[in-house]
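Just so it is clear, A, B and C label the chains in written order, and each chain counts residues from 1 on its own.
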Amino acid sequence: MNEISDRDLELSFADKLDRAARPLGWLLAVLAIVYAWTVAMAPIDSIQGPIQKILYVHPPLAYGAYLGFVVTAFGGMMYLWKDQENFDRLAIAGAEVGLLFCTLMMVTGPIWARGTWGHWWSWDPRLTVTLLLWFIYLAYLLLRAFGDAGPRTARFGAVYGIVGVLLIPLNYYVIEIFGSRSMHPENLERGSLGDGMGLPFLLGNLTLGVAFVWLLVRRWQVENLRAIAARWGRPEEDLQ
Amino acid sequence: MRDPALSRPPDTALSVRARGIEKRFGSFSALRGVDVDIPSAHLLVVLGPNGAGKSTLVRIVAGLLRPTAGTIEFGEAHPEKCRNVRGQIGFVGHATMLYPELTARENLVFAGRLHALDNPAERARELLAEEGLEAWSDRRAQTFSRGLAQRLAIARARVHDPRVLLHDEPFTGLDGAAAERLAERLERLREDGRSLVLVTHDFRQASRLGDQALLLANGRVAYRAEAPLPSASELDEISRHEAARA
Amino acid sequence: MRVALAVLWKDLLTEWRSRDRLVAMAVFALLVVVIFHFALPEGTGRQIASNAPGLIWVAYVFTALIGLNRSFSQELENDALSGLALAPGERGWVFLGKAAANFTMIGTVQAMTAAAFGLVFDLDLGSVALELAAITALGTAGICSVGTLIAAMAVRTRFGEVLMPILLLPTLVPVIVGAVDGTEHLLETARIPFDAVQLLIVVDATYLITSFLCFEYVLDE
């Protein structure tokens, strides 16, 4: 008897996430179309050429990339405190979505760099910190993957999440102050925004922000469903 | 911190109450809704076939494992996490928890210092004498036979004179004399007012020592009995019966 | 507190009796120095000298990885880890004891490595020995604090020996940057690099406090 109502509770939460995700999904679709349009219509930068348009995508990705790990750390801390598995699922969702955004950053950055001043890579502080963040994400996900699927691994993940989230400001501070000394101090030129560039940039922030939240909610939902399936078998009714 | 003056009854009794203990490992349920009551001056015997969840239950009561659901209360205190009562619990598990490169004495001293005893060296000396291990005091634990190591492990569990003692198959590897000594010690500890749990396959000892018996099968309590417990052969019979049923 | 000292004593005593960790680390460190010698081209003395701080810290970090790995595997042997988990009070003290033991052992090997480095690469480390030791100590404290925490987790995870460096190295970037910068500065100017020292103190404090507090959750099964 007890088991059935627990399952219903879990399912109802997954359901709530599903319901929250739907309007977000629609909003995202609309925003994405408008965003793509404005980027296409934006004036082509005289110096950098069309590749400059990556700049409408690259910086907004940063929010998702960094916020992702904050979510992971938050979920982990709440899990340690409240001992509720749902927070751990949130942590996982945060890590995967954050890794996605971080990877996209690592891809768009060098493409832009190569297009504008010919190098794929530079040890610019921001790029370096993002690279390190990428490694932290990977390390976290590997820790989860190699551990058995139990509360101990969840706890370890939470601890590493806390260490990782502290690492972000530490790395930034360290590399800003020290890193550029011994490494090649090439500066990534952040072209100033001219006319007609403000709107796509704003939309970029908005769209990718919504994308992040939508992906996070969906991933959280999936993790919930996965846990339910693991414990009770697949639910008979299909959750759309 | 407490003076390790021994064989002195604890000041206040400490009972253990576990309710609705569940433990899942992934999709596997090791324990489903187990209730246990261990008053002070009481010895609970836990029986059951392999894989029934006995070790899991004992580790949960010891605070080494967190249950998926359920509560454990100690004494009067409201259900706190086991952390607050760790100093009152002694545990003898399947593994000895000993350091092979340290001598018997050093192992005990270390355990004593972990529990913040005032005079761990003195306590170690006492325990070695009580367990009849003096001759091996300064021999490294890695040279010990299974039985000797087991006796040392049992001594280690008592270093801080805990009010609750949990033993997971402690008779394994003990010869007749040592087993007898352990049985007598358990009786004395029970008389001293402590709460004891004994997981064992030895029905003779179970029948003789237990105030209460619990039979676990497939993670559930299949059978309970109060003192006077059935004889060894009866317990054996019941155990087989329940194991076949599950 | 006393628990930390007890753990420190126990670890050092165990190590002294078997000496396997120390020997492994020492041999490894010397091998690394030798390999560096072969791997680096016959450059001018100045070239080597400018790379020395970085190389020395690479050697330190990899040696530390070996030491940290073993630090908890001995606890798994007879499930002694449960013994530690059963100890009352704040588990962070167990962490401190372990970290201190690691620090001592790694520090010993580091001293030896530094001497070897000085010899092989013809560096004058003697004149700044004390300051060098201080910087190294600060860096190693950082490594041992977060390293002990992560080792405790990795040891009970599949492929722990592979996982540990993956988990640890990203967290060591601030430590390495600070330590290398400080060592470089010290070797060049023979004066204490206050910037680096400050950084290392901040990083060490952060890691020590975090690890101390989080260790509670790491010892649970």
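Quick note on the criterion: a contact is a pair of C-beta atoms (placed from the backbone, for glycine too) under 8 Å apart; a residue touches a chain by one contact, two chains touch by 3 or more.
Keep in mind that what you see is a predicted model, and the values were worked out from it rather than measured.
A.B. asks: Tell me which chain's centre, taken as the mean of its C-alpha atoms, is farthest from chain C.
C.D. replies: Chain B.
A.B. asks: Which chain pair shares more contacting C-beta pairs: B-C, or A-B?
C.D. replies: Pair with the higher count of C-beta contacts: B-C.
A.B. asks: Of the chains present, which has its C-alpha mean closest to the combined C-alpha mean?
C.D. replies: Of all chains shown, the one whose C-alpha centroid lies nearest the global centroid is C.
A.B. asks: Please tell me the distance, in whole Å, between the geometric centres of chain A and chain C computed from their C-alpha atoms.
C.D. replies: It comes to 32 Å between the two C-alpha centres.
A.B. asks: Quick one: chain B and chain C, Cα centre-to-centre, how many Å?
C.D. replies: 39
A.B. asks: For chain A and chain B, what's the span in angstrom between their mean Cα positions?
C.D. replies: Roughly 48 Å separates the two chain centres.
A.B. asks: Among the residues of chain B, which ones contact at least 2 other chains?
C.D. replies: Correct list: 66.
A.B. asks: Residues touching two or more other chains, restricted to chain C: which are they?
C.D. replies: Touching at least two other chains: 220-221.
A.B. asks: Please output the residue numbers of chain A that touch at least 2 other chains, ranges allowed.
C.D. replies: Touching at least two other chains: 148.
A.B. asks: Within the complex, which stretch of chain B touches chain C?
C.D. replies: Those in contact with chain C are residues 59, 62-66, 86-87, 89, 91, 93-102, 106, 110-111, 113-116, 140, 156, 160.
A.B. asks: Sort out for me which residues of chain C touch chain B in the complex.
C.D. replies: 2-3, 5-7, 9-10, 13-14, 17-18, 74, 77-80, 82-89, 220-221
A.B. asks: Within their complex, state which residues of chain C touch chain A.
C.D. replies: Counting only chain C, the residues touching chain A are 146, 149-150, 153, 156-160, 163, 166-167, 169-171, 173-174, 177-178, 180-181, 184, 195-196, 199, 202-203, 206-207, 210-211, 214, 217-218, 220-221.
A.B. asks: Flag every residue of chain A that touches chain C in the complex, lowest number first.
C.D. replies: 80, 132, 135-136, 138-139, 142-143, 146-148, 152-153, 155-156, 158-160, 162-164, 166-167, 170-171, 173-175, 177-179, 181-182
A.B. asks: Can you check the complex and tell me which residues of chain A touch chain B?
C.D. replies: Those in contact with chain B are residues 2, 83, 148-151, 230-231.
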